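Some notes on the structure that comes next.
Think of it as A, B, C and D in the order they're written, each chain with its own count starting at 1.
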Amino acid sequence: MPFTTRHKVRFQHCDPAGIVFYPRYFEMINAVVEDWFAEVVGHDFSTLHVTSRTSVPTASLETDFHAPSRLGETLTFELAVRAVGRTSLALRIVARCGDQPRLTCDATLVFVDLESGRPLPWPETMRHHFVIDCPRGCPDE
Amino acid sequence: MPFTTRHKVRFQHCDPAGIVFYPRYFEMINAVVEDWFAEVVGHDFSTLHVTSRTSVPTASLETDFHAPSRLGETLTFELAVRAVGRTSLALRIVARCGDQPRLTCDATLVFVDLESGRPLPWPETMRHHFVIDCPRGCPDE
Amino acid sequence: MPFTTRHKVRFQHCDPAGIVFYPRYFEMINAVVEDWFAEVVGHDFSTLHVTSRTSVPTASLETDFHAPSRLGETLTFELAVRAVGRTSLALRIVARCGDQPRLTCDATLVFVDLESGRPLPWPETMRHHFVIDCPRGCPDE
Amino acid sequence: MPFTTRHKVRFQHCDPAGIVFYPRYFEMINAVVEDWFAEVVGHDFSTLHVTSRTSVPTASLETDFHAPSRLGETLTFELAVRAVGRTSLALRIVARCGDQPRLTCDATLVFVDLESGRPLPWPETMRHHFVIDCPRGCPDE
């Protein structure tokens, strides 16, 4: 079952065209991933970065923007696991306003050691929370 | 010949891991597109948005992050035209530090009317500046 | 009684020193003001900007940063009204983590017409929600 | 003589009112301080943070916004030293568009050890570049 969270479209997200400036969507997407790591995977970003000296940088992104989002709207984000690698993780994040799709983002993260920048195998304490939702339970584009 | 410009990796771009936080790359990419419209296409974003009441929202993005970028580095961005549609434009943006590739981003923009949000055909004054560089002169990934 | 809301210190707010980069505090402060307008003053920023074609730009800011905030902390923001002018509004915003003060910000906003940029008198529907909390009920610095 | 640099008002800086969103001004101000440290003080932010494990957090800010800035304008920033303390530094940053003042910001920075967060005396290699310009040569508000 995909992880779900909501973000309000704030003044700070909007551009002179009155719609979300797309780099701000990626701040929201990063916040969705951050909350999913804290609430589902059980490793908050502070522990991950500061205590464990690891990180989960983004290796690739494929994003389709279906329709613009406007100031004051509330977006519902769903995050689902598409695939799990030894050191990587493929996620799908979908944002909607009501039943209108706004974006579909396929992101691939890598687990790395902060000092060396080298990929690390996911520890079992994290990996067993990576339950593949897609393609069956995958949020529609 | 691709359009080339440079961005310094500033304090404001970097995250607690000491590397560029990827939403900040998209701010740089948007600035590259903005400068290309002003300097090559001959339509700056102020005229485009405020005077003409049009916009060039991003419809899709495919981005590969090849290696992290660090505080103080200078990135060279190249922008090339991949394909021109009636109302859309496919660009490739590549960023490097020296000869090290950092990211490759394939972006598709759409020309729209700001009031209706509807796609508009590119005016001939813009279109004749859209010279396809790829695949031949396309910056390597 | 001051208006209270909370913001989590996210990855996107933190700099290479691992603490909140101060321009991100101002994004949080703007969000606090935005929520106060929607929830207390009864005019959300979408109605204010898009429908009424007005805005509330910041004319001045005095901010003291008492201690750094770190990734994963939750900050409690209090907003109190210091003074009400014909076209302006003086607010105090204080952020704390637990009982530790993090910042005190005295902000002066102006109500303006978006087209002309000229100050407008606050409409009575907004003004009667501007209840002065300070100095008595003013959040301590 | 104040240090001078320029920033273009980009799409990413502007809000739905079509003017610079004030937290973006603080990103520009931070970039001005960053360039001044690299070019005048002779310590770039990468050396300062990554190599020396020190930082220059902002302790207080007083900012007046004189007039809005619009997409496509070029702002000239001047930075002058107001006062030098044992561990602190008081700066004035003024931004103008042509001869129109846009903002005046009095900022106080502190030199700190990154691990402990404790203030450090400015090293002589930095201090001898802190030449007081104000009040005489201070940029007008």
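Everything below uses one rule, namely that a contact is a pair of C-beta atoms (placed from the backbone, for glycine too) under 8 Å apart; a residue touches a chain by one contact, two chains touch by 3 or more.
By chain, with names taken from UniProt: A, B, C, D = Thioesterase family protein.
Note that the coordinates shown come from a computational prediction; the quantities given were computed from them, not determined experimentally.
S.K.: Name whichever of A-D and B-D has more C-beta pairs touching across its two chains.
M.R.: Contact tally favours B-D.
S.K.: Counting only C-alpha atoms to place each centre, which chain is farthest from chain D?
M.R.: The most remote chain is A.
S.K.: State, to the nearest whole Å, the distance from the C-alpha centre of chain B to the C-alpha centre of chain D.
M.R.: The separation of the two C-alpha centroids amounts to 29 Å.
S.K.: So, what's the distance in Å between the C-alpha centres of chain B and chain A?
M.R.: The answer is 23 Å.
S.K.: Taking each chain's centre as the mean of its CA atoms, how far is chain A from chain D in angstrom?
M.R.: Those two chain centres are 34 Å apart.
S.K.: Among the residues of chain A, pick out those that touch two or more other chains and give their numbers.
M.R.: Residues 11-12, 16, 18, 21, 23, 27, 30, 49-50, 71.
S.K.: So in the complex, which bits of chain D are touching chain B?
M.R.: Contacts found on chain D: 10-12, 18, 27, 30-31, 34, 44-47, 49-50, 70-72.
S.K.: Using the touch rule from the top, collect the residues of chain D that touch chain C in their complex.
M.R.: On the chain D side, the touching residues are 16-17, 19, 21-24, 26-27, 30, 49-50, 55, 57-65, 68, 114, 117.
S.K.: Quick check on the complex: what are the chain D residues that touch chain A?
M.R.: 11-12, 14-16, 18, 21, 23, 71
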